[in-house]
Amino acid sequence: MFADYYNYWVAIILMMLGFYIVISDANLIKKIIGLSIFQTSVFILFISMSKVEGGTAPILAEGITTYSNPLPHVLILTAIVVSVATTALGLAIIARIYREYGTVDENIIHDQDEEDEDNNEATG
Amino acid sequence: MIQTLQHYEFAILIPLLGGLLVLLFHNHENFREACSIVIGIVLFLYIVQLIGLTSGDNTAHTLLNITPTLSITFHLEPLGLVFALLASSLWIITTIYSIGYMRGNKEKNQTRFYVFFAMSIASTMGIAFSANLLTLFIFYETLTLCTYPLVTHKQNQEAQSGGRTYLGILLSTSILFFLTAMVVTWLHAGTLDFLPGGILDSKLGPLGALLLFTLFMFGIGKAALMPFHRWLPAAMVAPTPVSALLHAVAVVKAGVFTVLKISVYIFGIDFIATQHAADVILWVAVATMLIASIIALTKNNLKARLAYSTISQLSYIVVGAALASPIAAMGGALHMVTHAFGKITLFFCAGAIYTATKYTQVSQLDGLGHRMPFTFTAYLVAAISVIGLPPLIGSWSKWYLMEGSISTQNYIVLIAFSLSTLLNCAYLLPIALRGFFNPLNSNLDHQVSGIKEAPLACVFPLCITALCTFLLFFYMQTVYDFLYPAFNP
Amino acid sequence: MNKKRSLILREACNLIVPAVLLYALYVQFHGDYGPGGGFQAGVIFAAAIILYALVYGRKKTQKIFPASLVRYLISIGLLLYAGVGVASLFMGGNYLDYNVLAHNPQHGQHLGIFLIELGVGITVAAVMIMIFYMLDEYAD
Amino acid sequence: MLTQHLAVLQVVVPLISAPLCALLPLAGSENKLGNKLAWLFATLVSLTTFIIALLIAKEVSDHGVISYQLGGWAPPWGIEYRIDHLSAYILLIVSAIACITMLAAQKSVEKEIAHEKISLFYSAFLLCLTGLLGVVVTGDAFNIFVFLEISSLSSYVLIALGNDRKALTASYQYLIMGTIGATFILIGIGLLYMLTGTLNIVDLQQRIPELLSSRTLHAAFAFFTVGISLKLALLPLHLWLPNAYAYAPSMITVFLSATATKVSLYILFRFFFGLFSNEITFEEFHLDKILIPLSILAILIASSVAVFQNNIKRMFAYSSVAQIGYMTLGIGLATKSGSIAGMLHLFNHAIIKGGLFLAMACIVFRTGSVQLSNFAGLGKRMPWTMAAILLLGLGLIGVPFTAGFISKWYLLIAALEQNNWLAATVIVGGSLLAVMYIWKIIEHAYFKIPISSASEGQVISEAPFTMLIPLWILVAANFYFGVNTSFSYGFANTAINTLFQ
């Protein structure tokens, strides 16, 4: 059972890995890395579904009858662009957070927010 | 001409116009007060000439179609007309009284008071003429919201907490119970219109009818049934003209009017009788009647005592509606009228005493009777009318309520009525007796010569209403005949 | 940053950058019948520019590719893409219908794909370079 | 000529104007003229999208569904833009709210956003508008994901532009959760594609009924549920919303609160009723077993949390989570009237919540903060804004004459039709909680005496006209749709009837 669904297993493992990193890691940058792993697993899922037994690259050529399905590839191209955009945006926000908070560790940022909350309560 | 008169929403527009005029002339006072009175009179005349119409065609007039099946429609029916007459006539008197009171106590931002006063009367007219339950609910809610700024007029800390209980209970009961009950009625009856003989069919079953009636009655927070009565004493933070408005003219009257309208036009008297829909509410109302009177006994503050007396008087009307006999319901409707005149005089007297002497406690009133003869005699007359002794209108309504309870062989209710009358005497008469027979209370440092009657603008209205409790005694039969067709279709 | 990179790096860079740029253009213009297309070409192009910037520093690169130009390129690329779509609208076909772009559908498709891929290539290259410029500014 | 291209113009106009807005002369520089130009351009574009939405709505109500083939390719192969009553309804809401936000945005954005970023702010706003309109217009499943990502990414950028440093962490958190949600939807679409080989929604709907036995379909349905409720901020997955709305620039909170979650709700309608068809969603997969408990939790917990908030924008953000609970509760009742009530509340809530956050923008513009203590005495100082908050607050509670009452009415009917007493009591109980947190503000505004020391000497005057007029347009709309529901109810009714089989 494991053999013929090999690629789906890889997708699931990668997905859970990425998910775990996003949830458990306090470092913001590592979260973004986890997120991109999570998205890559989805790409593997899509591309593995497009493989047709014995199909070649989907470019018209004489004498070749079976082609692998190009559509998931195209979808994934867009999804990759989306994932790159999200990662770039995440990194830009982290850069600004680093400049404002001086750290990329979520717990320290949380504590600083708590302090802000307390002292503008006092002045409020 | 008749056609234009059909537009009953004039009754709503006139007070709103009055409010607008008051707003326009907010800087010169006399003109502003004159506007309020003139508008009051115009409204009263408009409604008086509507009386002739009831016999003829009182076709419903749809103002707005909110959805294809729900609409804001008005129609003319005897009960609504009596309520409108009552509210508009007392509005004129209360305006005169509040001019005297406001000037006497130099209250701040009076313009806002008159504007919201006019808006409350507009919503009361909307309730009086509503042809279906949705219109009634809409104006019921606007009445709550318009009276909130009046209750919290002084804008100090206790006004705020008083306002919070006032609004909290009224809004929550109306949203929680009234709205749900309305939707259930809509689903069962398919319509929300008030039709003589009720719209509910027997498919509801006795338990369903009982639940729905209880849901309705607790939903009408303004009828101040016991668990949801806290808002009435909490509204004591308001100046006296507002308490007068609350207790006699608009708010509570709107509550009991809704009770009557629902039990007569939504359930139908015989439907309640056959389905025993009102058994729970009957005993809750009787309990409220007695407990409220007992609490009133303990209250030293005059306005609080009158507030609890109102709660018990309102339960008379709810008992009348719950007894499910046309005579009892008729008695309830008449009690709505008689109690209005009686209670408004009592509140005017309380206000006059406060304006003249700044006293609010019953114990401080010893010997004031000689200094303020008119106020205290008016108080005595009104007290007797509320208690229900013959020469005054209160006796009529109590008579029919008791007759109704006998006709349904509900002797316990009869005993409750007489017990409550005794309690009325116990907590209303001592104030008058103290005033006339006790010597001046020595330990109070009031300047003996200083006390005299409140300004004329306060004393004159309370004398009129006291007189009405006597004069109307002879016309109650016409009111009875006028209301008769409404209660036995 | 101002000290010059070692000679080997600079020489290697001089060799590689032109080759990579050429390859990027090849991928760009053979996208319609072979593997390639706007996205890949844009990224390869940007990689060449970024390599140059790494070796020769941001200031020199900004002489060739000023930040404002790159910002405009982003918008122009997207406008080119959408413009082709609107052009086919005005020529009577549906949005992005390439058949109407030229006298016969075959050429129209070819032209349409070509322009679209060019627009995408410009935008992607410009975005990648802009990201590099932004992160580089944060560094110092 | 352009009338038959309406469907695509709805998306192309804002799409093209976004880069144009960045290319405007003096864009990206500090000077005021450039920023005013950018604002004017953005407002004009929003107005055109609103006009296009009106034309589409008229077209749809006259000739039924508009189907537009992108690039001339027939539906199962090419991307098809398909607008039925449901899409036209949401298009109207999104573009109307965009117009009102833009009308009021000029002064508030001038004050809150760094000057050199303002023209980029407007171009990001236009991109967000493109994304939201695109999601509603397209009839292709994957295209919905792409437009959803466009709108989400631009809204992360817009939120990060807030001047409080917490805006950054809020935007970051929203980015993480939003991306996970969108990726879940992507996985769902992928699994569906694997099963059926097509991405067109109508085509999918025909092919799904015979695949009910396959477990992949169950997995796809599960991924959709989680992804959409994450985007929708349904209770357990709502953690990103309060911070995002509280610390974003005020005009963005106005826009997002009235549109973003509404579009996610549209996706819920489109996928669970347009794609899976309501019998499958409710009989096969029993979505109502999930939606009803979660919505009841959302209404009760979010409203009670809102009561204890000090920051008023966070309070209204939690109230938004509760109101979304109302909509999903309506849908969860699994009947036509339930979904109509949900749709109606979506419409009414967009007006009311948009108005309330616009009033918050006025207060932030004048006093700089939305802490509750800062509201003391505002009743006198900013009478028009506070009156608007009072009237819209009444709408939120559901007092008659307001739009809120109508949606409460239909929600109650839908609930009581099935004798679902729990849902009915929760609906009514929710409005009681709403009374509590609205009255907290009203009491502070009208009863408390302003602490003179707090306002640094400068007298707080009424908000500028350009912000008050849109605010009072929304207040008027709140009352208009409270009294005449022929449009709001009529359109929702036809929308749901066409959607449900």
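In order of appearance the chains are A, B, C and D, and numbering begins at 1 in each one.
Keep this in mind: contacts are C-beta pairs under 8 Å (C-beta built on N, C-alpha and C of every residue); 3 or more make two chains touch, one makes a residue touch a chain.
Keep in mind it's a predicted model, so treat the numbers as computed, not measured.
S.K.: If you average the CA coordinates per chain, which chain's centre is most distant from that of subunit C?
M.R.: Of all the other chains, the one whose centre lies farthest from subunit C is B.
S.K.: I'd like the most central chain, judged by C-alpha centroids against the all-protein C-alpha centroid.
M.R.: D
S.K.: Distance between subunit A and subunit C based on Cα centroids, please, to the nearest Å.
M.R.: The computed centroid separation for subunit A versus subunit C comes out at 24 Å.
S.K.: How many Å are there between the centre of subunit B and the centre of subunit C, using C-alpha atoms for each centre?
M.R.: Here subunit B and subunit C have centroids separated by 80 Å.
S.K.: Quick one: report the Å distance separating subunit C from subunit D, using the average Cα coordinate of each chain.
M.R.: Centre separation, subunit C to subunit D: 36 Å.
S.K.: Cα centroid separation between subunit A and subunit D, in whole Å?
M.R.: Centre-to-centre distance between subunit A and subunit D: 26 Å.
S.K.: Which stretch or stretches of subunit D touch subunit C in the complex?
M.R.: Spelled out, the residues of subunit D in touch with subunit C are 5, 8, 12, 15-16, 18-20, 22-23, 28, 68-72.
S.K.: For subunit C, which residues are in contact with subunit D within the complex?
M.R.: Result: residues 71-72, 74-76, 78-79, 82-83, 85-86, 89, 93-99 of subunit C touch subunit D.
S.K.: Write out the stretch or stretches of subunit B touching subunit D in their complex.
M.R.: 64-68, 70, 72, 134, 137-138, 141-142, 145, 152, 155, 157, 159-160, 164, 167-168, 171-172, 175-176, 179-180, 183-184, 186-187
S.K.: For a test of understanding, state which residues of subunit D touch subunit B in their complex under the given definition.
M.R.: Interface residues on subunit D, with respect to subunit B: 394, 397-401, 406, 408-409, 412-413, 416-417, 424-425, 428-429, 431-432, 435, 439, 443, 446-447, 482-486, 489.
S.K.: Report the residues of subunit A in contact with subunit C in the complex, numbered from low to high.
M.R.: Listed in rising order, the residues are 57, 59, 77, 80-81, 88, 91-92, 95, 99.
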